[in-house]
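So that we are looking at the same thing, I have put the structure below in structure tokens.
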Amino acid sequence: MTESSTGVRTRIVLGQNNYGKSDVRLFKVFREGERHDIRDVRVDVALTGDFEAAHTRGDNSALLATDTMRNTVYALAKEQLTGSVEEFGKRLVRHFVKAGPTVASARITFTQHCWERIKVQGQEHGHAFSRQVPKHTAVVEGDGRQFKVTSGIDELYVLKTTRSGWEGFLREQFTALPETNDRIMATVVTARWEYNTDELDYDAVWSEVYQQILETFTDHYSPSVQFTLHQMGQAVLTRCPVIERIHFSFPNKHHVPYNLERFGIQNDNEIFHVDPEPYGLIEGWVERAR
Amino acid sequence: MTESSTGVRTRIVLGQNNYGKSDVRLFKVFREGERHDIRDVRVDVALTGDFEAAHTRGDNSALLATDTMRNTVYALAKEQLTGSVEEFGKRLVRHFVKAGPTVASARITFTQHCWERIKVQGQEHGHAFSRQVPKHTAVVEGDGRQFKVTSGIDELYVLKTTRSGWEGFLREQFTALPETNDRIMATVVTARWEYNTDELDYDAVWSEVYQQILETFTDHYSPSVQFTLHQMGQAVLTRCPVIERIHFSFPNKHHVPYNLERFGIQNDNEIFHVDPEPYGLIEGWVERAR
Amino acid sequence: MTESSTGVRTRIVLGQNNYGKSDVRLFKVFREGERHDIRDVRVDVALTGDFEAAHTRGDNSALLATDTMRNTVYALAKEQLTGSVEEFGKRLVRHFVKAGPTVASARITFTQHCWERIKVQGQEHGHAFSRQVPKHTAVVEGDGRQFKVTSGIDELYVLKTTRSGWEGFLREQFTALPETNDRIMATVVTARWEYNTDELDYDAVWSEVYQQILETFTDHYSPSVQFTLHQMGQAVLTRCPVIERIHFSFPNKHHVPYNLERFGIQNDNEIFHVDPEPYGLIEGWVERAR
Amino acid sequence: MTESSTGVRTRIVLGQNNYGKSDVRLFKVFREGERHDIRDVRVDVALTGDFEAAHTRGDNSALLATDTMRNTVYALAKEQLTGSVEEFGKRLVRHFVKAGPTVASARITFTQHCWERIKVQGQEHGHAFSRQVPKHTAVVEGDGRQFKVTSGIDELYVLKTTRSGWEGFLREQFTALPETNDRIMATVVTARWEYNTDELDYDAVWSEVYQQILETFTDHYSPSVQFTLHQMGQAVLTRCPVIERIHFSFPNKHHVPYNLERFGIQNDNEIFHVDPEPYGLIEGWVERAR
């Protein structure tokens, strides 16, 4: 019980809280004969539960050290990172809920780098790779019995030079932008999606979503980023029945025709300035009706 | 209505969505006589409402262009950015809810840079400044009648060389960390808080919170980051009755004594390696009991 | 002539200086029929010459504004960016040396993003692209008659899981690192090279260097980063007679086997920690003997 | 001797090369009674010499491992980091030139963070600090007997709201920028300087340069960034006789009045857009005449 400066007595309590280890950089090599496979993934661990004794009385006896969490990620990776990071995430959640006496649930966040085999005279090499964008992201949360799995794509930068416009929008006192039916459309795709089942091949679905996003980006005239967002969502949900809903975040990377007319030069949609900011940001879920 | 590859018919619908302009870099000079004041703030605008026509039919007629949002931020700043960004945020929310025919609510996010007057022979200069860390953050959301205001501090890097430890924590199979009762404690404070009133001087409260965080950081032996988090929350809530609750996010910037003993050199807590990662991350709310 | 606080009179003069525009983001579309091509390049312009009047007397009359330089890059791109950025750089140098009355020489720096055509059902799309790493860099300097051209590769992250070691190095008082004949080798290649002729297809040579670096990375057991650096240089110079010398900068991205033995788990070069820092940095030129 | 694809035989040789350890993060606490002092510094080590055996024959026997260099930085810091990083750099150079049998010279680069004591009720605290910008940089190079020392300032962001203009510059075909005699002037100062003596208090000189830069920024109407660069150089050289020459790199952080007139709003130099790019970049040396 404390007394505030206005004389009002209030009891101050600990609210929702969590702690964990972030930015654990795990790399695993699968050495099966001549052909090695790799997983390169950043892992964040966050635990929730009853940690009040540490916060209010300095009693750490129920706390798993965050250094222990790091060790655990590496140690469990040895036997239990055998396939997708999503499946590994479930195993980590199960472990951490047991490991801490007052842990109620755990959330594991993955950012997986994609590597491509180096090609030597057209042939994929057995153990040499070059790193690609984009990234495969995933979040696995749970209490050890039930899990919520979210997968995603990050840093997929796509652009098309035509078949996109922006017309017929609301015009009012602060509207200065001209309309156009032929502009460059560019965005860095951040997507994440949720599943309606626990039984699936996460890596295969990820590749299918990735391909659907790329193909849908190309297959229609886009009257707005919003319209393309919805088209992509439809394509993904149609092709991937295990996905319940998908969210996209699309920064509109504006490519603005540079004003050359003032110098007596005609610019027929050829010369553009890539505007770093400010950028339009369009976000939304596309989902199955319930 | 689409048919999935498994033959299941599902109706696919648009879910929660929003759009807006991010990273609008607004700078305002207040030229009152010889002494100028400035506001330097990055603004993000996000609108929610009924934007389904644009997503599903390519009908943009109800959409405010994100370029219009940018113009609006600058235009309204002229008359309506007279004090705190929080008050300006309320005015922007009111404007945007009116401006778009199908807008239901708006969220304005601010990241304000702090500038200090340059001192010339001990005297504060009237119109010359140097930029500081940390930043003043704020989020204002609302439907035009009611507002939720969150204020915050970002990038406040603090460190103390002693009066911090980490002992008595749980030891199990993957625990390797030794205990210590004298370590360096360092973190980059990210805080945000909510209010129990609309009537307050946001800038004055921000300064008070900032000072309480600094002073509380120094005033106790810290048995854990969690304990210090709770102490800081208590100090802030005790001194600032208008604050209902406060959230902290504390990356534990580990300063690890470097192993010099293997070279025959004693290291009495003098020589440290600043570990860039992985870092413990401790987060939590401290709030008034209801 | 000024008098210093120690009573020593010294004349203070302007030394080497340059000015220009940095981070000009140029994007050009080549719309030849159905198949569009693009160039996406960041341009920095720096001019040297006699700019003393501006520095010492505030006389700007000989200065080309940096805004003018930006306009020039976009304006000349329309007709003169027809092939490689290296050739465009020569044209920009010629222009700037003429444009400023006291300009003696110009240096144009390019950072070109690489884009790949999106594949739709195995076919390359005509106008849709996704952005890749690495980058194609180039610097063109000259006085308008003679040019020094340097081309390069940046952000090419490569890794191999075996066929690399680090043994037989000097051991002394502060040496603690164990030897190994099987480690992960990983680096982010930054390369730049100079030519012995002005007559060449810069883009074709760039692709050849890129491929040689990848292939050489895979084709030998590496006893040190230094040895691989030299092998790569030899391969490039052997295959590309127009290249006079090549410089590599190789941060050694350490992948350290994680110590699992303390937890009773054997780690047969499977589980690694990706150490973000500090990193070994190995740099050198490989060149033709004169 | 290799044969190129055009049949030209060329001998390929190793050119200039260096290697070392980058991004060593050293932190030292000076525990003298109640009042602790700290040094927080990133260190890069680079060695040059005869390393040909490693490059061409895979013979590492003369190579100091970069891990050894890291250990050395921490180990020597214990006794030899007693004052400025510049003095510590000389000791490291001397050590490394001796430590490697074929090392000819060493270059040590420092980036030192500045920390301020936290004030509690107006009093500076003995062991609690908050991190500031800017940074103190330094480079020490040498062969063990002679040293070249360069000190510097990085990330000092300054701005003034008036007393700056840009007029009378060259107008030609691509010039569109209007003239102004009242604009915002803002830059992020990067400075580095060289000395004409080895006998000095590096930290005291650094503080004096820092203060001169700030004060000179305020004390004149600036007709160009170039003019201010020269003024600052004069001020520093006049006040600091031990400095032989100083180099500045000034990105022109453009603050552009936002066009509100098109919306019927007058903008009297009040509302600005902070343009992130492209930016003018002005660089130059100011030095003593020889």
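Going by the order they are written in, the chains are A, B, C and D; count residues from 1 in each one.
Definition applied: a residue touches a chain if its C-beta (ideal position, glycine included) is under 8 Å from a C-beta of that chain, and two chains touch if they have at least 3 such contacts.
Listed by chain with UniProt protein names: A, B, C, D = Uricase.
Here the structure is a predicted model, which means the values were calculated and not measured.
Judged by contacting C-beta pairs, the busier of the interfaces A-D and A-B is A-B. Chain A (Uricase) and chain B (Uricase), compared by their mean Cα positions, are separated by 21 Å. Each chain gets a centre from the mean of its Cα atoms; for chain A (Uricase) and chain D (Uricase), those two points are 36 Å apart. Shown for chain C (Uricase) are the residues that touch two or more other chains, namely 25, 71, 75, 174, 176, 263, 276-277. The touch graph of the protein chains shown is complete. Those residues of chain D (Uricase) whose C-beta lies close enough to touch chain C (Uricase) in the complex are 2-6, 8, 10-25, 44, 46, 51, 54-56, 58-68, 70-72, 75, 99-101, 166-170, 172, 174-177, 223-227, 229-230, 233-234, 237-241, 245, 247, 251-252, 277-289.
Interface of chain C (Uricase) with chain A (Uricase) (complex): residues 25-31, 36, 38, 40, 71, 74-75, 77-78, 115, 118-121, 125, 127-133, 156-163, 184, 214-215, 217-219, 255, 258, 260, 263, 265, 267-276.
On chain B (Uricase), the positions that touch chain C (Uricase) within their shared complex are 173-174, 176, 262-263, 276-277.
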